[in-house]
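So, here's a batch of structures to check.
Two complexes are shown next, each including subunit A; its partner changes from subunit B in the first to subunit C in the second.
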Partner chain A sequence: MEIFVAQLLNGLSLGSIYVLLVLGFNLMLVVAKIIQFAYPHLVVLSMYVCWGMLKYTNNMFLVVLASIVSCVIVNVAIEPIFRALSKKHGLDINVSFVVSISIALLITDVMSHALNYGFPIAFPTDWVGKSVLNFGLITFSVGQAYALIGGIAAVALFFYLLYRTRQGRVFRALSENSVLASIIGIPVVKTRILSYAIAGLLGGVTAVLFARLLGSASPSLGDFVAMKVVAVSILAGLGNLKGGLVCGLLLGIAESLAMGYLPGSWSNAIAFMMILIIMLIKPEGLFGIQI
Partner chain B sequence: MKKNVLRVEGISVSYGPIQALDDVSIEVDEGEIVSLVGANGAGKTSLLRAIMGLQKVHTGRIVFMGNDITNTSTDKVAGSGIGLIPEGHLVFSTMTVLENLQVGGYHYPQEVSSSLESVFESFPVLYKRRNQIAGTLSGGEQQMLSIGRTLMSKPKLLMADEPSLGLAPKVISEIFNILRDLNEKGYPILLAEQNAKKALEFGDHAYVMETGRVLFQGPAKELMGNPKVRHAYLGGNV
Partner chain C sequence: MSPVIYYFLSFTAINILMCWAFYLPYRVGQLHHLVVSCMMASAYFSGYAARQWSWPFALTLLVGTAIGMLICLLPSFAIGDAPCFTVVIVGLTVLFIMKTAIENTRALGGTLGFFGIPQVNNLLLLAYLCLAVAGLLIYRIDNSRLGRAASMVFVDRDAASALGVDVKRLGMLFQIIAGGLAGLAGSLYAFLIGSLFPEFFNLGVIGTLMCMLFAGGHSTMWGVVISVPVFEGLHLILPTAVASWLQVIYAVTLIVVILVLPGGLITKKMLVKVGERFRARPQTVSIKGGIKE
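Moving on, here comes the complex of A and B:
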């Protein structure tokens, strides 16, 4: 029982990171109609930015700010590539998928050649922190608490933005019908760029939380996570934001439980096996495609 | 002299090799209802799309309230005051009625609540259904929402593309009454309509189009009396 509760808490923290990544990924998918495979790579890149900043300052505010700014800038800087592609090929999400894989490889290469000589980076131990909870086998680290609480706050804000604000309505209108959106006066290109910026902002926050949860990062982390983000998004139903929320959490929990009860190295195989089976039964995803 | 609102001067539009409009000119003046009449494929929708910046114009120009808006991006055309009520009672079907109206006021965020009030006053049924998902409205209600959403953008010209398409006869006359009321409130209207009889009865001025050209034009009453028009479009030879 104690192991179960411990792994459940682990899973919720990890799951909230997946949820944040899937939300940013899905936002660009529904608004800009692209598959941004490299989005998790950008988040990992921002973890490197955090790590770099931490060498100069311990000011949490500055570190978070640097992470957000870098993620927004890089994500928005990539947008013209996708816009140019859509001019040539129309809005073809397959083309964006292939191109973003190349961008992801590029980012991974930069990290493994130019940053920290390609070695994994480690965050200060007080970032992950000591346990805040300690009951027998159950431990809950400060980093996990950050990931979970920060994750809940960020997800709540994201859904508030999307469903309760003027800009959120504009995003949803554009995602449903871009021609009709332009007819009623919504600037399509500007709004799409804004979705990259919001996803970047979310990514910057995620990078900090992820760093606190893991305590380390490596060049290959981007690929590793991106695979799961795409899988969760497809499993939930591409572009389905609420589905992404549920499935992201489920993946985090499933992975942690597998890690607690099964030989650790099998957890990925199990996760992807489950995805394979679900996709065979429900090709449109558990919650339905929404793009 | 009535002031000119919209002037289309000799435009041509093509989809690849298919020429949809060939040297088409029309005008809409203040307070006027102008009807575009023509059978399937005559080019009515293409004309409205070209005005709206949804279709590239190869030659000619489009002047709205004294400004050249030829090949301007659609959102800017909308922002400058042209409100298109598109074909097929289009709404944002996953959003609520209220949200549809709110996004319609994109260019006037400060005035959304006052515009909402006046739209709800004209369309009590939209108020009653304000929290309903727009996709679950009836066709007629969706058309009213489409009109209401367009009004939220404070247009200086309303363009309606076959507003009666796919609706029951009773609903059609309701929609036409609404458009008539809006015109009486001062909105100039450019209406594309396949049903020639309806369009000529409704309009002050009319253009009869065929395969991308304007064949006849003039005051709607005169065109209704024109034997050629009667023969080809009103199904009579009297």
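Moving on, here comes the complex of A and C:
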């Protein structure tokens, strides 16, 4: 029972990271109509920025700021590529997917050649933190607490922005019908750029939380997380934000439970197997596509 | 023949086969990344069968192809007509599961790799023979009712369905054939390299193959015949310092090609024009020693 509770807490922390990633990914999907496969790679790149910043300063505020700024800048810098793409091909999600896979490859290769000589990075032990809760086998580290609380706060703010503010209404209008939205005076390009910026901001926060949770990162982490994020989005139903919230948490919990009860790397394979089975049975997702 | 040329030609043949495996399902708008899993499974099976059971090359090639087809057959019942992104994720998911399984299987060498696959005489010749047979098959499919139906599905899936095209069966058929081609490529790859590592079969391979397909032209089978030797040749031409950034070069090329030349270098339209030029020569009639059109 203790193992179960420990893994459940672990799963909630991991799940909240997945939820943040899926929200950022889905925001760009519903507003800009692109599948940004490279989004988790950007988050990993921001983890490298965090690590680099930590080498020079131990100031938490500066580290978080550097992570957010880098993620926002790179994500917004990618936007013109997709805009040119949608002018050339119309809103073809498949083509955007191919381009985003190549951006992902580009980021991964740059990380594996130019950053830390391609070696994985490790964050200082005090960055991950000591355990805040110790009860038998149950330990809850500071990193896990940050991931869980930070994740909940970021999700709450995101949903507040989307459903309680004027800008949120603009996002939702654009996702419903971009032609009508432009007719009633919504600046389509500006709103799309803003969606990239907000997704970048979420990505920057996620990078810090992820770094505190894992304590390490490697160039291949992006591929690994990207597969899960896209899979969770499809599983929930592409563009379905609430579905993404539920499925992200469920994946985190399932993965952690598998990690607790299965040996080594098999736990990830089990998580992927679950995703595969559900996707084969219900290719349109559990909660329905909303794009 | 120098080893450099030998490996260049062999990898060209294998990559053209793999690009064709990507090309066929893309005819119906599906990016079928599952073919990399088929290549991986077939390569490991062929290597294991040749080393442990001393199976002859031809038999491993046949069974390897069948394994590729079988791996694609099972999911195709569910994803035969699924949207492109679902097919992509199913492909990547299966690839990851398969990699994990191989990494945890001691008999296949685990993460350390599988070594000692026997050499085969005249492998290059056999590879090009397989390529010719596969090319003929794809050419026949492209110029048949199936090919025309696939073109219709690519342009408008609903219209094709309304006109009586069974989109799911067509998707399944193309996925299975693609699996067979990838299985064949996997078997050839195992015998060419002589050792296998699970790390090789990753997103980088998918990116490289997609780059070759899209740069050459995804609407015809002939595009990759030009793009693959060019991209393979980059290894040989570029200085080592630049060649180590090959993935970046591939990624940038893919983005630029999609933005500037959406159809790739060779398009179907271009081939039709070339064909018309050769076929429709003006008729000449001789009138009193002169020539009149």
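The rule is short, and it goes like this: the second predicted complex is superposed on the first by the 291 of 291 C-alpha atoms of A that agree within 3 Å, B and C clash if a C-alpha of one lies under 4 Å from a C-alpha of the other, contacts with A are read in each partner's own complex, and residues count from 1 in each chain.
By definition in this document, a contact is a pair of C-beta atoms (placed from the backbone, for glycine too) under 8 Å apart; a residue touches a chain by one contact, two chains touch by 3 or more.
Since the structure is predicted, the reported quantities are computational estimates derived from the model, not experimental observations.
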Which superposed partner A:L157 touches (first subunit B, second subunit C, both, neither): neither
Partner chain(s) touched by A:L262 [first = subunit B, second = subunit C, both, neither]: neither
First, second, both or neither for A:V95, with subunit B first and subunit C second: second
Which of subunit B and subunit C A:H113 touches, first, second, both or neither: second
Partner chain in contact with A:A104 - subunit B first, subunit C second, else both or neither: second
Which of subunit B and subunit C A:G185 touches, first, second, both or neither: first
Larger contact residue set on subunit A - subunit B or subunit C: C
Which of subunit B and subunit C A:I3 touches, first, second, both or neither: neither
In the complex, subunit B residues that touch subunit A: 52, 54, 73-76, 78-79, 84, 86, 90, 92-95, 99, 102-104, 106-107, 109, 149-150, 153
Subunit B-touching residues of subunit A, taken from the complex the two chains share: 166, 169-170, 172-173, 176-177, 179-188
Subunit A - residues contacting subunit C, complex: 35, 81, 84-85, 88-89, 93-95, 97-99, 101-106, 108-110, 113, 220, 223-224, 227, 230-231, 234, 238, 264-266, 268-269, 272-273, 275-276, 279-281, 283
Contact footprint of subunit A on subunit C as seen in their complex: 29, 31, 75, 78-79, 82-86, 88-90, 92-94, 96-97, 100-101, 103-104, 202-204, 206-207, 210-211, 214, 244-245, 247-248, 250-252, 254-255, 258-259, 262
